[in-house]
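These notes are about the structure you will find just below.
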Amino acid sequence: MTGAEFVILSLVPLVIGVLAAIACALPGNFLLLRRQALIGDAISHVVLPGIVVAFLLSGRVAAVPMMLGAGGAALVSVALIEAIRRLGRIEPGAAMGVVFTAMFAGGVLLLEQSAASGVHLDVQHALYGNLESLVWLDGHGWGALVDREALRGLPPELARMAVVTLAVALFTGLLWRALVISTFDEGFARTLGLPVRALSLALVAVAAMAAVAAFDAVGSIIVIAMFICPPAAARLMTDRMSGQVAWSLGFATLSAVLGYVLAGYGPLWLGYQSAVSAAGMIATVAGLILALAALFGPRRRGVAAV
Amino acid sequence: MLWQALGLGLGYNATLVTLGAAMLGIAAGATGVFLYLARRALVSDAIGHATLPGVVAGYLVMVALGGEGRFLPGLMLGAAVSAGLGLACVSWLAARTRLHEDAAIGAVLSVFFGAGVVLLTVVQVLETGRQAGLETFLLGATAGMLRAEALGIAAGGAAVLALVVLLRRPMVAVAFDSEFAAGQGVNLRAVDLAMMGLALAITVVGLKVVGVVLIVALLIIPPVAARLWSERVSVIVALAGAIGGLSGYLGAAISATAPGLPTGPLIVLASFALFTLSLLFAPARGVLAAGLRYWRFQRRVHLRQGLLALASGYPVHDPLTLRLMRRQGLVRADGVVTPAGRAMAARARLDERRWHMLRSLPEFEAAAARHDGLSPLSEVLTPDQLAALDRRLGPEGAL
Amino acid sequence: MTMALELVREKLIDQNPLAIRGLTVSYAEKPAVFSVDVSFRAGQMTAIVGPNGAGKSTLLKAALGIVRPISGRVTAFGAPLDRARARIAYVPQRASVDWEFPARVIDVVMMGLYRDLGLLGRVRPHHRARAMQSLARVGMESFASRQIGQLSGGQQQRVFLARALAQGADLYLLDEPFAGVDAATERAIIGVLKGLRDQGKTVVAVHHDLATVPAYFDRAFLLNITAIAEGPVAEVMTEANLRAAYGGRLGPARQAV
C-alpha cells in the first residue's frame, strides 16, 4: 500500500469515520446518563424517512435538505412519542418502539417507491452505509493535502461531516454546565430557571444531526453503536464527567480507525481480494472495547460497590 | 389484484403465505403483551437485531458442510443461538456493570447487527453472489417463499401461541408484581426465561416474513394498540393477537400484489394504522375520549373554585374561571354575581364543609375514598348518610 | 350582610416570600392538590404536614413549576415566580437523583452557583471558597472530593442542603429533608435551618414527622389535598384540625399534640 493508494482510498473514509464517531459519542454521553440510550435507537431509525422525504420534496440528494428532513423527523418522532405516552399512558420504551418502527417502515417503503426515479439512495446503503466508497480520486499522494486543485476534489461528505462535528462540539462545550445540571437533577435545574425541556429537545436534535451526517458513512443502524458503546465503555472507566467524555472520544476514535483498518486490510492480510463492511467492523470493534471495559474497567461496578 | 389478494384468491402459495403471516401476527401480538406489561418491550429490539450474525453464520456453516445454505430451519437455528447470546449479554451488562438496561439493549442490538453486517460482506467476499437470498432477511420477503417454509412459519406461530396460553398465569403474575409472585412460589427466573424464550421464538419464526430490523414492531405495536381498549389482561391478549393477526394478513396480502416491495414494512404499517385508530377512538384511553374528559374536568375545577371563592367573599381573578361562570349565568357581564350564582355558591360551600366533615369521620372512610372532591356529595352518599352528616354540621349546616 | 361582590382585579399583591392562590394539580383526574390558598410568612420556619398522599410534595413542585398545575397562581416576594428565582433555593427529595452520576460532592455544590457562573463563566477561587463554606456549614467539607454515590443517605441530604446554601437565597423550600437520615444529620440540618431563620431567611419544609413539628418549626400548614389550616404551630396542631386532616387515624397525630 503506497502513500498515494492510502490517500486516495483510505484517508478520507478514515477521517470521516473518526469524525462521525466523535460527533455521535459527544451527545451519546448525555443520552446515556439520562437513561435515554434508546433515543439513539429511535433517532437512527427515523433519520431514514426524514432523509427520504427531504429528497422527495427537494428533488436532490443534498446536505441541507437532508439535515432539515432528519431534524424534522427527529422532532416529529419525539412529539409523537410524547403524545402516545401521555395520551395512551403507555410506558416510554413501548411508545418509542411504536413510533420508530412505524416511521422506519414508512421510510423504507417511500424509498422503494422512489427507486423508480433512479435515485442514489438504496435500502442497504441506508442500513449500513457506504464508507468505503468515499474515495478521493484526486488524492495523488500526501502532497495532495496542500494542493488546491486536489483539495477541491474532496468528497463533499467530508466537509459536511466536519461542519457537523464542529457544531456538535460547540453545542456540547457551550451548554456544558446546563446539560450537566439538567442531566443530574432535572427538578433542581428547573428551579434555577434552566429551560429543561428545551435542553432536552436540543440534545435530541443535535444527536439527530450527528446521526444524519454519519448516515452516509455508516448507515442508520450502526449509528446506535456509536451513540452508546464508546460512552458506555467510558462510563466504566471513570467517575468524573470530564473524564468520561474524554475516554469516550478516545474509544470512538479507536473504534473508527481500528474498524476501518480491519475491514479494509484484514481480508487482504488473510489472502482475499475485497474488503468487508467498514461500518459493521467499526460497530463490532466498539462492542469489543465495551466488552473489555465491562470485564476489566476500573469503575465497572459503580460507586456503591467500592 | 389487491382485492383478490385480500380474499385469498391469488393461488395456493400466496394464500398459505398470507395465512402463515396472520398466524405469526397472532402469536407475536399475544407474546408481546407480556413483554409490554413487564416493561421489557424494547428487549425484543435487541433480540431481533442480534439474530443477524447467527443467520449468516448458519448459512456459512451449512455451505461449508456442503449444503444449500439457505435451508430455513438451519438459518433459524443460527438465529436462535446468536439471539440467545445477545440476550445473555444484555442481562450480563445490566447486572454486572453500572450500566442500565437501556444502554445494554442498545449496545447489543447495534454491535451484533454490525457483526452480522460484517459477516454478510464476508459471504460476498468468499462467494459467488448467492447472498442475495440472505439480504432479504433484513426487511423480510414473502415473495418466492416455499410452501414448506410458509407451513413451518404457521406451525411455529401456532406452537408459540399455545405456549403463551399455557404460561399466561405465571407470566401475568410476575409482570404485575414480581415480589408477590415470588412469595406465592413462582420461580421468577424461570418465568423471565420463558418470556424471553417466547419472544426469541417469535423472532426466529418471523424473521423471513418481517425481517430482522422490523420484527420487533410486531411484538410491540399490537400489544400497545390493544392496551388502549381494555384494562383486563385476558382481553388485551386476545385483542393484541387479533390486531397482530390482522396486520400480518393485510401486510402479506398487499405484499403478494407487489413482489418488489419488502413485506416487513407493509405489515408494520398495517399494524400502525390499527394502532392509530385505537389511539384516536378507543373509549377507555383514546385521545378523543381523554381529551373530552380532561376538558370537562378542567371546567368543573375552575367553576368549583370560582363558586367557593364567591361563597367565602373573595374576588375571582382567573380569566378562564370568570368566563366559565359568566357563560353559566352565575355572574353578570359586568362582574356582579347573579341570584343563581349566589345559590350555587352557597350549595358549593355547603358541600365543601360536608366534605371536610366527611374526611374527619372514620365511619365514612369508604365513602370518602370514592369522592373526587368535585361531585356533589348527594351523588356519593345515601340520603340517610347525607342526613347524618348534616346533623353533625349543626345549625350552620343547613344554610 | 349582603353578598354583592365586585369581581375586580386584586390591587393588593401578597408580598410574602411565597403566596399560592387557587392551586389545583391533578394526576389523571384525581386531584392531588385542590384549590389551595396559602401564604408563607417571611423570616419563619413553616412545616407542611399531612397524611400520606396529601399532596405535600406535589404542592411544592407545582409552586416551583416542576409539575404543571391545572389552575393557580404563585408569587414570590410579590413577583411572578419566574422572576424571583434568584431568591429561591430548592432541596428536593434524595430519591429524585441518580447517585451513580459522575460527580463529586464539590461538583454538586458548585451547581448551586450556576446563577452566578452562567453557561460560560470561569470558576474563580472565590466561587470555590463559597462552595467550601457551604459544605462547612453542613459539616461536609472533608468530603469535598468524594464521589456522591459513596455517601450515606444523611450525607447526601447534607450535600443537597449545601448546594441550596451556596445559592445564597432568601427562601428555602425543602422536600422531606429529614426523611431517612441519621440523628447526627438531623441535628446538623435543623441547626443550619434555624441559623437561616435567625438571619431573616424564610424556610418552608415538607415534614413527615408530626412529633417533631413543635420543636423544629414556628408555623405549620396542614394539608390534605385541600388546605386545612395555617398558622403558628400551637394554633394549627389542634385536635380538631388534626382530625380534619388525618380522619379517624389519629393515633400518631394525637401523640404529637
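Each chain carries a letter (A, B and C) given by its place in the written order, and its residues are counted from 1.
As a working rule, a contact is a pair of C-beta atoms (placed from the backbone, for glycine too) under 8 Å apart; a residue touches a chain by one contact, two chains touch by 3 or more.
Values in this document were obtained by computation on a predicted structure and should not be read as measured data.
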- Query: Which word fits the touch map of the chains here: line, ring, star, complete or other?
  - Reply: complete
- Query: Across all chain pairs, which one has the most C-beta contacts?
  - Reply: A-B
- Query: How far is the middle of chain B from the middle of chain C, if each middle is the mean of its Cα atoms, in Å?
  - Reply: 38
- Quick one: report the Å distance separating chain A from chain C, using the average Cα coordinate of each chain. 42
- Message: Centroid from C-alpha atoms only, then distance chain A to chain B, rounded to Å. What do you get?
- Response: 29
- Residues of chain C touching at least two other chains: 100
- Note on the structure: Where chain A touches two or more other chains at once, the residues are 35, 89, 235, 302-303
- Task: Specify, in ascending order, the residues of chain B that touch 2 or more different other chains.
- Result: 98
- Item | chain C-touching residues of chain A, taken from the complex the two chains share | 33, 35, 89, 174-178, 180-181, 183-188, 190-194, 235, 238-241, 243-244, 302-304, 306
- Could you pull out which chain C residues touch chain B in their complex? 3-10, 22, 24, 26, 29-31, 34-35, 70-71, 73, 100, 224-226, 228, 243-245, 247-249
- Hey, which residues of chain B end up touching chain C in the complex? 98, 293-294, 297-298, 301-302, 304-305, 308-310, 313, 315-318, 320-322, 331, 335-337, 342, 345, 356, 359-363, 365, 368, 372-374
- Message: Under the stated contact criterion, what part of chain C meets chain A in this complex?
- Response: 28, 61, 64-66, 82, 85, 88-90, 92, 96-104, 107-108, 111, 114-115, 117-120, 147-150, 163
- Item | Interfacial residue positions of chain A with respect to chain B in the complex | 32, 35-38, 40-41, 84, 87-91, 93-98, 101-102, 104-106, 108-109, 112, 123-124, 127-128, 221-225, 227-229, 232, 235-236, 263, 267, 272-277, 279-284, 286-287, 290, 294, 297, 299-303
